[in-house]
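Here chain A shows up in two complexes: once beside chain B, once beside chain C.
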Partner chain A sequence: MLSNPFSAPRARHGRAPDVFRHGAWVSMREHRETDEVDFAIVGTGAGGGTLAALLAEQGFSVVAFDAGPYFRPLEDFASDESEQNKLYWTDRRVVDGANPIQMGGKNSGKAVGGSTVHYAMVSLRFRPEHFSARTSLGYGADWPISWQEMWHYYDLAEKQINISGPLTYPWGPKRPRYPYRAHELNGAGKLLAKGCEAIGINWTETPLATLSAPLSGPEGKSPPCAYRGFCRFGCTTNAKRSALTVWIPRALAAGAEIRDLAMVGRIETGPSGRATGVHYHREGEWHFQRAKNVVVAGYAIETPRLLLNSADQRYPDGLANSSGLVGKNLMTQSNQAVWGRMDEPVRWYKGPPSLAITEHWNYDDNKDFHGGYIWLGQGPLPNEWASIQTGARGLWGQKLRDAMLDYNYMIGVKMVGEMLPNEANRVTLSDDLDQYGLKVAKITYAWGDNDKALIAHALEQMGRSIEAIGAKGIFLQEDDTNHLGGTARMGSDRRTSVVDADCRSWDIPNLWICDGSVFPTVGGVNPALTTQTIALRTADRIGQLAAAGEL
Partner chain B sequence: MATTRERLKASFLLGFRGEAPVARGGYETAPIPSKTEIVTAARRLNRAAGTIAASVLVDSAMEHYRGDFRNKAMWTPIVTSALSIGVSVHGHVDGRHGAHPLRDTVYVAAGLTGLVGTAFHIYNVTKKVGGFSWQNLFYSAPIGAPAAISLSGLMGFLGERVRDNKPGTRPMVAGLPAGRVVAALTGASLLGTTAEAGLLHFRGAFHNPAMLLPVTMPPAAAALLVYAAVGPAGVARPASRGWLAATAAMGIAGVALHAYGVSRNMGGWRNWRQNLFAGPPLPAPPSFTGLALAGLAALALLVDDKDD
Partner chain C sequence: MTKPRYPGYDVLAKRNTPSWDEATRKVVDKRLATPDRPRFLTRDEWSVAAAFCERILPQREDAAPVPLAALLDAKLLADHGDGFRDADMPYMREAWRRGLAAIEAEAKTRHGGRSFASLSDEDQDRLIGAMADGGLGGEHWGDLDPQKFFKRRVLVDVPGLFYSHPSAWNEIGFGGPASPRGYVRLDGDHRDAWEAAEATPGHEKKAERDNRHVV
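What follows is the complex of A and B.
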């Protein structure tokens, strides 16, 4: 009988689940709450999970907290879209603004491994100019890190995550060969390719964080992808390279402790103004863990919420907020799609959904708006497809039934587009309380004119591409968004950013933020590889600062 | 004594039979069981042809079953390789001198089938989106696979040519010393097969170091064979023979390694119905065994061929 990952923590009593073997455990070092650990990390996703492994491997004592459960993919994941809603952060949140963001499965996970447990594995590098968007392209904000440095850490990230990708990537400066070969294109991928060729733009196989061959890594043995297409609902095979299968096992092996079902509610600061530890809720009680350093890695909503909820007498506006920017400049990415019906069956549900990509529009500057976008092949599973039919097309009853019968013939392409930072788009605290008694986040969002122009351009191009290959009954899905960023941006000036290039907060030298919220701009590609890359760099920098006695 | 050129020309006219053929009837009506080196070498080549054909039979049956036999032509390699196995067994038990017309016909047919199959697989690659790209080389109908049946045909055909030499004569193929011809062609075939294994193991990112074996051992064997083909005759070459024997063994071990590869897929062998197709092909590696056997036959011929 399987234990319920939600009923009680699994990482306890000196052991944690071995995600690679049924029912097995790996040993886990544990720390007392009275021990002042080197790092308390809040969140174990793309940012926190990566950092937990890399800091522990450098010999730091690490405790990483996650509000979500510790899943065993081989046992807990079902091939069932509804069941797998358990992966998402569906706690109460308030959304408003002209274009309220739909929260939950689209954009936030709550599990050890964070959103990478259900992410679509698309692993892209920013366009180099996107790191200096303000000076090179005239919009948004510059990153405090050069693209050359990021390129170096991207190399390391791709290698350690073991990305499967094309032999030559058609855009951007040279990069090393991906560790594993690209996957076979499914019907949807081939049609994306045909569509791109029909309108004269380049395409390639998408670099994906799922294995195209078996892997025996230091973290464990994984089989290659089985092409069943449940990626966004939790990969049952472990072919997916999520934080849960890449970084967390490494963190444990290096002596980090993971605390699952542990919601951090407040960061404590001491008389010196430095962070002293975290208050967290686990097994029905509040606890306090002492720490020399606190890293917040809860993603772009929960990170500012925790900083704001940690306001105290000394920091009445929340921690690390002397710039007033905590929670501001929230960005999502536009995720509009065009759909159509082919005459021949496509069976788009086979394999990872986004096997082919065009990044052409990130590299073409002859557009009358700022920013760029990509588009990817799609393979929504039936529930999601039904909700697109009811949502984007308003179909119900017999019409909906008829539309669903075309499932095997459908194709679609979906964009991931850059949205520009805007201080009015933000996370604040609502007066509503969640199950832990904490103020919930209020998320305010409106698209700007530039965002709308970019979306219109993408919809037009995507429509052209599938029309050119004979898709019929084309319709648009016009109001979807996905990944998040901003709300604790990094920069080189403490007045206009929350953290520096090392993800260290300007205000509190032992408070760090290392996740998607530090992005000053979101670029026109999916963010998770960049988040992990930043964590790699941050870990290196922390090592250097420690060696120099500057922690 | 005819010049080499004349002999070559004659051999083409005579259906590639090398030296003027011996009267067939005599052998057929009054078989003289002969244990001459010529027949031994020919039978070795039959075994080589049969081994490769067996590899092709199982491989193409599995792959084309997976492809639902969508195109009737997908039965061709199955029929051809089965026939090639049949005549190879026949050749193996046949202790007589002289080429056999049925064996010859089947081997030539196998050789041609492979060529047509290769053309077809290339066409299949080029018509896919992306054309001649890594994606299609990796995942479309494998270009090298049909060539394997050609190699079976080639080895069998060479066996028949060798066998067609008179007992006690110096074995020739197409007017050239048989050992050298077989060594050179086997060397080339090994390189071709290496290319196929290399492509697919590259697709698998050489994730297991054992995947390097079929891209290192066979090329070395090929080099040894080419050296033997042009080098001095009448030499024992124990190291080369040892290396070829090891290459033959590698082909068999490859089945076990591929079986391990199958187990590395989700569900392992419990899920054999899917993983036999998702994992590395079990029947493929023995192609190397077949070619190594042919190489051993060539070396044996060269040892006996002292008349250089």
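What follows is the complex of A and C.
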């Protein structure tokens, strides 16, 4: 009988689930709460999971907490959209503003491995100029890290995650060949390609974090992708290279401890003003873990929420918040789409949803607004497809049921677009309480004029591309967004940022933030590869700082 | 009566093939065995919900019915929602309780005390149409915005329940669960033997034959 990953923690008594083998365990080093561990990491997703592995591999003692369960993908994941809702962060949150962001499955995960357990695996590099958007392109903010340095760490990330991608990538400076070959295109991918060719722009196979050939070795044991198409709902074969299958096994092997079903409610600071550890809720009670350093990696909503909820006498406005920017400059990405019906069946449910991509409009500056965007092929499963019919077209009744009959003939392309930072878009604390008695996040969001201009441009271009290949009954999905960033931005000036280039908070030298919240701008591509890349760099920097006695 | 697009296709026929794994079988079995009686909702709420959901996704004679009220009740009982709420909306359970009560009150006011469930399809649709278009409001609703309730709750939850049911997958020709086997032929017009066959004009019989062997 399978145990229930929600009923009791799985990582304890010196062992943790072996995600690669049914019912098996790997041994796990454990730390006492009274031990002052080198690093307590809050969150085990793209940022925290990566950092846990790399810090443990350098010999630091690490305990990584996640509020979510420790899934065994081979056993716990069903091929079923609604059941897999269990992967998402569905604790309470409040949204408002002119364009409230849909949370839940649209935005964040709650599991060991974080949102990468359900992410769509699209693994892209920023356009180089997007790291210096302010000086090179005249908008947003500059990153405190050069694109050349990021390029170096992207190389490492792509190699270690085993990304599959095209032989040569059509845009941007040279990059090494992707470690795994590109996946074969499905019907939806081929149509994206045709549509791009029809309007005269480039396309390519999407670099994806799912294996196109078996993997066996110290990096894991996984078969190649079986093209079952449920990637957004958890991968049952482990072909997906998520934090749960890439970084967490490495972290454990190197001596890190993972604590699942462990919600951190507050970071404690001591008389010196430094962080002393974290209060966390596990198995029905609150505990305290002492730590020399605390890393917050809860993603762009939960990270500022935790920093704000940790306000104390010394830091009445929340931790790391002398700039006043914790929670501000929240950015999501525009995720609008165009959909239409083809004359021939497409059956887009087969294979990862986004096998083909165009990044043309990230690299073409001939536009009258700031920022860029990509678009990707799509393959929504029936529930999501129904929600698009209701959300974008307002269909219900017989009309909805009739429209759904065309499921196997539909195609669509969906953008991932840059939204600009704006302090009014922010995370604050609501008076609603969650199941632990903690104040929940209130998320306020409105699109700016530039955001709207970019969306309008993308909808027009995407519409042209599918019209050109004969899609009929084209309709727009105008209000969708996805991905989060910005609420604890990095920078080179403590007055205008929360952390420095090393993800170290300006105010509290042993408090670090390493996740999607540190992005000063979100660029026009999906974020997770960049998040993991930042974690790779941060780990190196922490090693250097430790060696220099500067931790 | 319209003819099914995928005659004879039944995703459940794949239950014991490599397209389904143990975890999936358990989940779908449980869904199919959802008790057909109120557990979270009161009897009165259930009867409004049943009639209301029926108009959001009308059943068809040629397809196995999807017990929407039971599935909604189960969802509310488990309280497995999306977590977040709009600042001017309550969380899922409360939104449904208040929404159903308001729909019932709305029906009674408009139709001389008759319950929503007893109205004709047309009258029910008119009321729902008014809710969808922002034409409802007033004291039954308190501070719950009827249009928002419709868009953000009803049109999210009810279609989600309907299209989680194997009978709906059959109707639209979705492959359904696909682990561990997945798919081999990735093009839309290349059908794996375990995918639904469509009844194209003149080839209905063949589709039906193929669909009997979707295993």
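Just a few scattered comments:
By definition in this document, the second predicted complex is superposed on the first by the 549 of 551 C-alpha atoms of A that agree within 3 Å, B and C clash if a C-alpha of one lies under 4 Å from a C-alpha of the other, contacts with A are read in each partner's own complex, and residues count from 1 in each chain.
The working rule: a contact is a pair of C-beta atoms (placed from the backbone, for glycine too) under 8 Å apart; a residue touches a chain by one contact, two chains touch by 3 or more.
The model shown is predicted, which means the values in this text are computed figures rather than measured ones.
Bringing the complexes onto one copy of chain A puts chain B beside chain C with no clash.
When the two structures are aligned on the shared chain, A:S212 is found in touch with chain B, with no touch to chain C.
When the two complexes are overlaid on their common chain A, residue A:T237 makes contact with chain B and with chain C alike. When chain A is checked against chain B and against chain C, the one touching more of its residues turns out to be C. Of the two partner chains, chain B and chain C are each touched by A:A226. By the touch criterion stated above, A:W385 is placed in contact with chain C alone, chain B being left untouched.
In the overlay built on the shared chain, the residue A:E478 is in contact with neither chain B nor chain C. By the touch criterion stated above, A:D91 is placed in contact with chain C alone, chain B being left untouched. By the touch criterion defined above, A:Y180 reaches chain B but does not reach chain C. Taking the C-alpha centre of chain A as the vertex, the lines to the centres of chain B and chain C open to an angle of 90 degrees, rounded to the nearest 10. Shared-chain residue A:D493: touches no atom of chain B or chain C.
Residue contacts after overlaying the shared chain place A:E33 against neither chain B nor chain C. Of all C-alpha pairs spanning chain B and chain C in the superposed arrangement, the closest lie 6 Å apart. Once both structures are placed on chain A, chain A residues 184-185, 190, 226, 237 are touched by chain B and, in the other complex, by chain C. For chain A in complex with chain C, the touching residues are 75-83, 85-86, 88-96, 100, 102-105, 184-188, 190, 225-230, 236-237, 342, 344-351, 381-383, 385-387, 389-391, 394, 396-398, 400-401, 404-405, 407-408, 442-443. Across the complex, chain A is touched by residues 5, 19-24, 26-28, 55-58, 60, 80-88, 91, 125, 128, 132, 151, 154-156, 159-164, 168-169, 171-189, 191, 195-196, 198 of chain C. Taken together, the chain B residues at the contact with chain A in this complex read 128-130, 134-135, 138-139, 202-205, 207-208, 261, 264-266, 274, 278. Looking at the complex, you find that chain A touches chain B at residues 166-167, 179-182, 184-185, 190, 193-194, 197, 205, 212-216, 221, 223-224, 226, 237, 239.
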